[in-house]
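The structure appears right after this line, and notes come after that.
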Amino acid sequence: MDIPPKTVRELYRTMVIIRAFEEKVQDLYARGHIPGLAHLYIGEEAIAAGVCANLGDKDYITSTHRGHGHVIAKGALLKPMMAELYGKETGYCKGKGGSMHIADVNLGILGANGIAGGGLPIAVGAGLSCKMKHPGQVAVCFFGDASSNNGTFHESLNFAAVHKLPVVFVCENNGFGISVSQAQHQAIIDISIRAAGYGMPGVTVDGNDVLTVYLAAGEAIDRARRGEGPTLLECKTYRWRGHHEGDPNQGGRYRSKEDIQAWVENCPIKRFEQYLTKNKVMTKKQMQAVWEEVESEINESIEFAEQSPFPPLSEMYQDVLA
Amino acid sequence: MDIPPKTVRELYRTMVIIRAFEEKVQDLYARGHIPGLAHLYIGEEAIAAGVCANLGDKDYITSTHRGHGHVIAKGALLKPMMAELYGKETGYCKGKGGSMHIADVNLGILGANGIAGGGLPIAVGAGLSCKMKHPGQVAVCFFGDASSNNGTFHESLNFAAVHKLPVVFVCENNGFGISVSQAQHQAIIDISIRAAGYGMPGVTVDGNDVLTVYLAAGEAIDRARRGEGPTLLECKTYRWRGHHEGDPNQGGRYRSKEDIQAWVENCPIKRFEQYLTKNKVMTKKQMQAVWEEVESEINESIEFAEQSPFPPLSEMYQDVLA
Amino acid sequence: MSRIITYAQALNEALAYCMDQDDSVFIMGEDVGRYGGIFQVTAGLQDRFGVDRVMDTPISEAAFVGGAVGAAMTGMRPVVEIMFIDFITVAMDMVVNQMAKMHFMFGGRAKVPMVIRVNIGAGRGTAAQHSQSFHAIFQHIPGIKIAMPSTPHDAKGMLIEAIQDDNPVLFVEHKKMYIDKGEVPEEAYTVPIGKAKVVRPGKDITVVATLNMVAKALTVAEEMAAQGVDMEVIDLRSLCPLDREAVLASVRKTGTLITADEGCHTGNMGAELAALVAEQALDSLQAPIVRVAGPDTPVAFSPPLEQAYIPSEQDIKDAVARVLEYL
Amino acid sequence: MSRIITYAQALNEALAYCMDQDDSVFIMGEDVGRYGGIFQVTAGLQDRFGVDRVMDTPISEAAFVGGAVGAAMTGMRPVVEIMFIDFITVAMDMVVNQMAKMHFMFGGRAKVPMVIRVNIGAGRGTAAQHSQSFHAIFQHIPGIKIAMPSTPHDAKGMLIEAIQDDNPVLFVEHKKMYIDKGEVPEEAYTVPIGKAKVVRPGKDITVVATLNMVAKALTVAEEMAAQGVDMEVIDLRSLCPLDREAVLASVRKTGTLITADEGCHTGNMGAELAALVAEQALDSLQAPIVRVAGPDTPVAFSPPLEQAYIPSEQDIKDAVARVLEYL
């Protein structure tokens, strides 16, 4: 593992921002500051961080309903993000999209998506653009275990494979689609075995180990950049919170406290901190500094969001057609 | 191979009916007697015959745009079939469905289907019925290689696998979806490998060898009847005619005469006749008799169709709602 | 008989009743089992009827809507839940080309007795892909009944009716109504699909409304009554069969028509009613027909924009004012 | 300039022109490559522009319509062919929830310049799943332009316009028109999407028609002229933007409206126009609005039933007769 220390520290910082951001959202949501739906990424930070550390601004991602982690890792700024969650005019989408639709095409973020499996064909399209006009650029597509049963998964992987598109399909297998466990929604354990059915490589990794994710994603992304086609990368993980904020007892209807606890023990950030200390990449103090820095950045974003105005009603009629 | 001679003779007869029926349709179509679209099954007879010989009236099939072979093998009568192709009132669907929509629920024929991949979810539904109400009954779903790329394939196989439904998915791989070759539409060779992605068995067989198809389908169907879940059975074959009657030069735009010729040599009926002679199951004369019998049966169906009236215009408003 | 329960509970009772009566009835959908459905409509049913009859499905709307078609053709009476109407788009072939057409296409030989439950509506901050109200498009697809109950009472009666109907029924609920309460008899009963209901007779102005627009229209009617305007409010209750007679009769009486439905303005349910009247009762019309509807935009997330999207009592009042100019 | 080519050739020229001008333009669809498209609209283009720009796709409408959305957002201008409009249902989420909404949902930050070509119509014996004309439902989904060219001339000009437009455009052709011939300039030109055209001015009766109903209306108009009835025929040319002004102006002049479109009666394009007129030009109306439309049934296979389905010149004449009773 020859990862430059700078990258390692950045991976850490990204994970911390995501965690701290989501914890704030959780709190703001509970206090009624954020309307609508919030699907938090807590516990899955290693995936977005590990994957996106391999990407540049000109690469693309498509995200999901559980998208905050992806877009943060891809470089979204916290202020317009938070403002978007508040539905404010200064948000990424002028407040018109909200949590499930954060996008910034300039940063290569082609949108969170409210349709489970909706992002896969769009990533294929970004892959087409890259192949035709920007060789070397790639598109990464995030989606969940349950969304891997939507027909779009099949059509998109097949299409990308037969046309050798530079797309990396990243399946975040957190074991559930809302309340339906993986065993209830598919009769397989490793989703990556589906890759063979399209003639592309499939890999399963520990999604709570950020360096493993980073390296595996790096390999797949490099392969795509070289024009050798798509890969299916499955990252096993778990969501700590309920499906969305408001899911009773953090999903207590369909999973046990013990299960949740076991995964909390397996925290990707805690694990990485142990690694960082053990390998003397960062000291506890340095890590603490990251948390503090991030905390104040997030607080600024909240202030920004709260002080921003709602969009004027006339905005309702804007952007229907270009 | 312990197949009773009676079954063997019936397999032969079924293949001959299909071939002779389709050749007549070809001729009638060319002479303008049959309107609309006709997708012929010539060259693929061993699959429908081999699979359906394992089924009883209470089992179900779903068929495709290229459905004449399936429904004949499942027991459809030639008169209402031919009348349907003519759009006559005495047809299976009162003339309202035509070639692409022949159905007879009482015979377990849940319809040919004009949507490529449209039949798969419907077979899943029939499988649900069997599981809930008629244990031991099965549903068989026919579809083509190109249709295996429709999202419905994925969703249906996954659904059937996770709920252990008694469904057998029969992929007729004839190497093309209209003009698009398998190599252009998917980056795999054996479609049966996709089965692993759903946790079900997948098998590929020579679709031009009727006994092999019969046995492989029998095994899958028995497995389903025993409640052990679905199977994906791929049968490799080729269509001799164009995608539909009217496709210039029998698909000369996208395939070579030599390819077609090679497959004509590999005729499933000719091969089976050689087997029957060699194994002394039937004599040449007996086979000839089958052809003659079938010929006259088909001629009767044509006469029936031609003499039948078109449905009255009032039929247009019938059957919209039950 | 003066028992008060919610719209969601009323639906739940209808499901339980039908499943109890007829073992062909079963439920499929995402999270309908242990979770009880995202809006709790199927709560408790899996415990009572088992996992085979209250099935949690993978995210595979095409497979389970198509699965319902296949099951319905072979003797079952499936009730499918699609979490938001927005997601019916992933199963649209199964709805439009299979479910709606089988009976006709097969010359009447196949029946497809199934129900698809969906919900429409904005107001929960769920943005453009979870707040649509495009139910009207199914009017344009022959072969589908479309039920739209506006009260807990009708929710129960129409759902029993829908499940017992031999046709495919699209059952349109409103996500803001699940917690609405109303009187619902304990025993089973049916409410026909295809019969509008005059919920407030009046002689001056006709309002034809759907779902929660009915209650808004009634509120406005009471207000207007105080001002001497006697509004007739009709709960349309279904888009197919469309109770043309009820609408025409009212319009012939009042000489006016206001339609109120949450779908976007262009191509909505009101368009069809307006066309009907312009075709068959033009002579009676004394004022322009006014549609109270959502604007021709996606639903925005931002709370003030979302609120502005939703057709309001004020919008109905404005429509009434416009009509009154002509009377 | 008096060059006569077919509708299919006109479309082909538009595609070739745009691909030649702009290397962001590319084509995807089933059998669009070597085969040239099932109706030969893309014939020869793969030879000229290569397999990457004229791509044969797997049977995966959701992937390639969604693929077009993703490509369009990232700088391309895809033109997608869906073999029959009936099949757009398999890609409906990508159309309704992605393509139509991205621009709005992302606050204007993303553009989705793409074209989906489809064809509608009965008359080729292709039965219920290959003969539908449900284009009107897309009127009810904000965010999609809908072009409907009725002549080879407009087919070329509107397709160039559609490809150059920064919005998603649903480009609706009629499968019976591909071999229709007409005058088409060799050079490139555009025809706006959103402007109706008065193809025959008249003062007595307004007919607003689409696609091949325009020619039928013109034939009837000539016949009626001989009987002293001066019909105005408007080719609507697009459902979104809808040229409300053009329709209202004509209705204000003639006091009448007949709509003619092949879609089923209920919820069709004529419903919206009727509602528009009943809302905004009621005073001018002297006769009931009559819709000439397909019946509310799936399209049957049997030739006599299929013929009876298709709205005919006789149907237009009957509508005219009905309107004349009031004039």
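In this document, chain identifiers A, B, C and D correspond to the written order of the chains, with residue numbering beginning at 1 in each.
One rule holds in what follows: a contact is a pair of C-beta atoms (placed from the backbone, for glycine too) under 8 Å apart; a residue touches a chain by one contact, two chains touch by 3 or more.
Because the structure is predicted, anything quoted here is derived from the model rather than measured.
Undergrad: In terms of CA centroid distance, which chain is the most far removed from subunit D?
TA: A
Undergrad: Using Cα averages as centroids, what's the distance between subunit B and subunit C in whole Å?
TA: Each chain's C-alpha centroid was found; their separation is 40 Å.
Undergrad: If you average the Cα atoms of subunit B and of subunit D to get two centres, how far apart are those centres in Å?
TA: That gives a centre separation of 36 Å.
Undergrad: Can you give the whole-Å distance between the Cα centres of subunit A and subunit B?
TA: Each chain's C-alpha centroid was found; their separation is 45 Å.
Undergrad: Give the residues of subunit A that touch two or more other chains, as numbers and ranges in rising order.
TA: Those would be 93-97, 101, 113-115, 118, 149-152, 154-155, 158-159, 162, 184-186, 320.
Undergrad: At least two other chains touched by the same residue of subunit D: list those residues.
TA: Residues 57-58, 60, 62-63, 86-87, 90, 93, 97, 104-105, 127-129, 142-143, 296-298, 300 of subunit D touch two or more partner chains.
Undergrad: Touch graph across the chains, line, ring, star, complete or other?
TA: Complete.
Undergrad: Quick check: in the complex, which residue numbers of subunit B touch subunit C?
TA: Going by the criterion above, the answer is residues 60, 62, 91-97, 101, 103-106, 110-111, 113-115, 118, 120-133, 139, 151-152, 154-156, 158-159, 162-163, 318-322.
Undergrad: Show me the residue ranges of subunit C that touch subunit A in the complex, using the header's touch definition.
TA: So the residues of subunit C touching subunit A come out as 30-31, 33-36, 38, 56-60, 62-63, 86-87, 90, 124-130, 295-298, 300-305, 308-309.
Undergrad: Any idea which subunit D residues touch subunit C in the complex?
TA: Interface residues on the subunit D side: 62, 86-87, 89-90, 92-93, 95-97, 100-101, 104-105, 127-129, 132, 134, 136-137, 139-143, 240, 242, 263-264, 266-268, 270-272, 274-275, 277-280, 282, 285, 287-291, 296-298, 300.
Undergrad: In their shared complex, at which residues does subunit B touch subunit A?
TA: Checking each residue of subunit B against subunit A gives 149-155, 158-159, 161-162, 184-188, 193-194, 196-200.
Undergrad: Under the touch definition given earlier, write down the residues of subunit D that touch subunit A in their complex.
TA: Residues 23-24, 26, 52-53, 55, 57-58, 60, 62-76, 78, 93-94, 97-98, 102-113, 142-143, 145, 166-167, 241.
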